[in-house]
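As written, the chains take the letters A, B, C, D, E and F, and residue 1 is the first residue of each chain.
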């Protein structure tokens, strides 16, 4: 570059070179999403709106239109569910397309039909989802002395927000929708810090107090009336690899938590272990083996000193 | 259903049935919020705006109008506080209505007056809130070697953001506003992962570094110059139940932390225990008993092995 | 105040007095940001948009325009990078001004030039940033049995989101931009709960699973192929103070983590200690000393009881 | 002011003085709206939304949700009308309050009840409004050779947009709502250039082609099947004054246009004159007297010259 | 209805009845748009965005990104045109579907292909559209003594805005796109009051000063260098009807205006008449016959009186 | 191009060629705005916001905050004017830069200072602008029998909206701001159809009823208490050209309208003629000569026929 070149020229030069480099296939091959079948990516914004519409259906009056009455509820629920149906069908189809192994030759009509069927399944599942969420609301109210009313838990508690997303995402996961359930659970994760994989199976009356940092893994099985606190991990230990050295997918590798268990904050439970019915797991425990029913597990006593001996930790 | 029915008809049929089911009182009784006294739900969006306006009043130039000067400050603070006053009065009134036990017959004028009085109290408390936040800013700057200036802590630190919300929420809690303080603290919880119940009493020079997952319970009492790290729980242990088997509300059940204490990341302290002045609590400790002043508490030494013996955890 | 004064008058009176108090220099001196050189505060909104544009450049098709092709990519990348360049130059200049020690007399042209040079550096660094992020994507896919495709990790995983922000922020930090890197990393912290200081040095194939509550401190050095779980702290212990009793800035005070290390959830590692190559650190461990290569460290066995002996924790 | 005063000081000084001047009652007495009964001004934004919701009810599928079907229509219309009802009740009440002569002592419950009754009237009138708009659509299609379908006139023609606003505004005017009808007709005026006063009485099959600049005055009476072009004025001539020299309100002072009349662009017809059934009024005519049925009225022949005689007009 | 029925019940009753009535096919048959082939209505919002993108392509730097340079222009124009292409293809397809006579059985692939071809045609026509708009800009500058620069006419003049929309709409009309051209010209009509039908044929150097109320009909033919003022109508007189009594579509029925003509404000010219080259038509003239080249036509002298004889008009 | 090329390839090919063509200097030279001095174009959006803020200052309670009181007005007016001041200074500077003849070498500090001085002038002029607008409001109320209150004219009448924009724009024009006044008057033109050039000089008590299509030219001089109706043109006739054949700028070429004149709809008055005090000009008149005081001018009687003689116009 000659001295005479001005600053603007230098910039445009550099811009051209960077663009050149970034547009070389060797640069982008792994990180470029080429739209398949002209179907765009699932829209996180649209899925956010769908989940809010579902909240309005599941908890009428708390979300969505706030002044509906038993006499007008039918109109609101009907129109809202109809909007959900067409929007979620579209997004499920995008998710199928995103996960399509053969972007060249496949008959897209099959995926469109499958998306329609999955959305029909979600629609039919709404009453049952509301039923189990009702028990979650009761558990939240009864499990937290600071709660003043059912309404407060519905409107303010991160647990209800995250568990609602989970129960929707789980239904879609169960019906076979790829990617979409994951996005829905990540939304809750981002808002609440609670990370429940859509594949987990969780019974009624489930409550996570505070919840930030709590993780529930893909193959967890959780019974009825389980209460968990913030920072609890129900995770996997090491996992078997396949011939290519990649982790084998779909093998049960997360804990089974039976009915009426309480797990305090920061406990880490890893692997396909079973926490027996009615047990209490203390905070900050590291646990990688089975625990029989009615157990109490807690961390050994910490070391304690007076401060005369130095400047602190 | 006959074979001749087309897919659209099947859908509409199913929609009608799901709506029917969801509109049955047995389905919605627990999860339906019927507006009482024609007053809508508190608006989370409006409360978010109110808190941002309060930030602009408490930290002028950092939030809100960025080019105000000592000579124009009066106009901005006056108009902003006036907007806050009318908006927060409205939201407090909604919160009172939400919590009203007798939606049928009560005289709403009483609640409107009470909302007005609480908002007046918040208004009057603003100078004191700014005074204590000033000490929090100083503590954040002095407590983090990575901090470059007071301004950086005000503008970027989750601790200042969460503690500002807390100090506003606590003032409203103290003045008797229901629900609204909780929503304000949940906003900070969602943004920062720091969950401080509005009922906690916290002295000046309070700093939470990083903060994700830290929980401060409703009846905590925290002294001056306390520093806490991420993932710390100041929570309740088991709690007494009333005759209906529901947790009794309002009983002191969270720790008392005296002046000059430091609590490292992931420590879990449960129950009405006292952490004596000047103590340091190490990371990941599980602590459910009193600790005298100037204590140092830390987890026992972990087990360590070389990796020759297997494939890992 | 006389009895005859009506409620509105009382309010206006009180408003005037509160404004008076808040406009007294003694009230605002620490918490008021006076714009220096007529340059406004860095805009968090603008920086959010810049980061999203960068994501669109680094992961084309996943973010930004979803239907670009190899044939049209050049146009999109060129125009997007040009927008990034002018916007980020502006924000870097604001950050320099925010951090300016001498708001009265300094020649602002110097800062404008420096902002331009830093932005040029970021521009030139984009291909390298994409290269290392490509290895992070591969590590995420290989490190999580629940991952279905590279695309899913790019689009849904908080780790990729947080690490992308980190790699951008680190480049700006390295080039000498004040404040802006911090804001960019706090955005990721708020969205994902993952708090990586822009000053940390982190090798390729880095993966944080779940991630909520994980903290990586300013002077951390992390090797290649390191996997970390949620709630892990790589932090500082106590730190030396300068003559004014303020923490000394810029001293290495965080861990060194060598290649191929795995750290499980909730582990707390504090101080300038070295975790040797290939080690595994178990969950909830509190670790403040060096660990040789190939170590396995885990918490001692917890105490366990049956529930016959009382009502629980 | 001394020489030493800097530019900022001069500005703040001037600002203070201008504020002082503008806050003197003598400056603002005529142009200051003091909220009466704590009821805010009618919201132009809310009224815009109400009118769009009404369009969605009157022309389903063209406006609002585009994919509703006969099977789901009921849900959409029910919920939309319910939202309209509560929003328009609120706005009508604000309009009543805006027009209240006695802001001090009046019982506001009376106005709230009246707003409710007016909104009920609008609700009941919707089927009839749709019936007459259907004839307007047919007239637009038949009156313009450029129209391709009913749908095109509904979706694209300013006439249908303006006449829809008019028919809604007229219903509210008829029911006694102050101010609101005027705002609704001004919205159409701003969008289309067609200014129809809500007080006019207009029969079915009404069509205004192009329409910009057309004015229909408050006391106009227009029959069935009338077609008007752009720039037509149906206005008032001079009007009688009352004792204070103010124009007397409410006296018939605009034209009566009988059935089947066509009025071409730019015609100005002033005063309480009657244009007899089946007449055609040519463009740019100035008409201030009655015209019998079946008349043809047009401007006298213009003067024409060749251009040899000078440089033009 | 019994006396005991409360006000809410009365309302819900009425709501149900109105919904019933509006959902009866006899009520909605003419005014209900049933989506054909699951393709939604053309989106006025999307078309507004497309036109703004086209403005950014045609007048770079004035619209869209304001700081592009000759060195970066290629990136912006390329990416913007690519976005236009995919968006306009979608909207053209919606327009074809809207106009489809056989919503039941038609092969939609044909329309999609046609939409693609029309969009390709628009793309190819952009350089020519810019060429002719360049002459329009020059004519506006030269035709208005108040214009200060070419830039001012591009950025501020309603004529340029409306003529840009027209030239885009005309290209789409020429290529056979239904409905979409009309929507684009109605946008300009609403913003500027200038109503040019997309079917008109208009030469270069075309300028409409002020423009409000000016109408140019579907079959107009306008030569080079024509200047028109506000309120001018180039319209149709009576038009022949077909056997069903509907106006026959597509017959030449609007004026031919030859090169170098000026038409002053408010002139009304109706029917397939020819205004000869170089003529000037005065304001407010009503003209329904041919005029030879170089003519000057103006209204006869008005009647004038002094005011002694009464109170005015 | 070979047959084997697929549709996508053809498209990208065509895109590349069109971009090439549009990026050739010969294509863009007239229509490309190259940012001068790195100062962006005036922002129409920002100017729209400025005008709305000015409306809130001029008509407090009608626009902006609706519940301000005499006791809080000072805060709102002060902060609003301060925001206006800094925003309008920025926009005036952009306008100066847009109009700068020498984008290469000029000292931009001069323009920044000039922008500051013009903004100071606008600030100081606000009380006088409000004074004259107060008389305009009174004239609107007294001039329209349909007006119910001063408030209705302030809030709903296009005349007040357009004249407010005019009086602001005129002040900026008088102070020497280029371009910005024009943009402000075009905003009103687009919203109301009233096109008043900022250069016109207009006395108090000015009222334009309905207003669509009314044009007031740059060098018009209008006295006190003038009332004008829709579609009136106060324009220029032919205008002298300079040596390059371009219209000479700045010569008085529009009418002088003396006090107490009324001009009815559609009248066209062209050239530097004087309409004497107290005259009335009838609708649709074409007037290009002086008229003495107290004149009545109206169009000659139109021709009238019965309809027996044919099918109409």
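Convention: a residue touches a chain if its C-beta (ideal position, glycine included) is under 8 Å from a C-beta of that chain, and two chains touch if they have at least 3 such contacts.
Quick caveat, the model's predicted, so the values are computed rather than measured.
With a step meaning a move to a chain it touches, how many steps does the shortest path from subunit C to subunit E take?
1
Common contacts of subunit B and subunit C?
A, F
Between copies subunit C and subunit F, are the contact residues mostly the same numbers or mostly different, with half as the line?
Here the answer is same, because the shared fraction of interface numbers exceeds one half.
What is the distance in Å between the mean C-alpha positions of subunit E and subunit F?
Those two chain centres are 23 Å apart.
When the centre of a chain is set as the mean of its C-alpha atoms, what distance in Å lies between subunit A and subunit E?
The computed centroid separation for subunit A versus subunit E comes out at 49 Å.
Could you give the separation in Å between the centres of subunit A and subunit F, each centre being the mean of its C-alpha atoms?
55
Taking each residue of subunit C in turn, which ones touch at least two of the other chains?
15, 19, 67, 69, 72, 74-75, 77-78, 82, 193, 212-213, 231, 264, 266, 270, 282, 284-285, 298-300, 312-313
Please list, in label order, each pair of chains that touches.
Contact pairs between chains: A-B, A-C, A-D, A-E, B-C, B-D, B-F, C-E, C-F, D-E, D-F, E-F.
Spell out the residues on subunit E that touch subunit F in their complex, using ranges where they run on.
Within the complex, subunit E touches subunit F at residues 57-62, 66-67, 69-70, 73-74, 77-78, 81-82, 85, 116, 120, 123-124, 126-127, 130-131, 133-134, 137-138, 141-146, 148-152, 154-156, 158, 191-193, 210, 212-213, 229-231, 237-238, 264-266, 270, 282-285, 288, 298-300, 302-308, 312-313.
For subunit F, which residues are in contact with subunit E within the complex?
For this pair, the touching residues of subunit F are 7, 11, 14-16, 18-19, 21-23, 25, 27-28, 30-35, 38, 40-42, 98-99, 178-179, 182-183, 186, 189-190, 193, 195, 197, 199, 212-213, 215, 217-218, 231, 233, 235-236, 239, 245-251, 253, 262, 264, 266-268, 270, 278-280, 282, 284-287, 291-292, 294-300, 311-313.
Considering the complex alone, what residue numbers of subunit D touch subunit B?
Residues in contact with subunit B: 8-9, 12, 15, 19, 69, 71-72, 75.
Which subunit A residues qualify as touching subunit D in the complex?
For this pair, the touching residues of subunit A are 65, 67-68, 72, 74-80, 82-83, 86.
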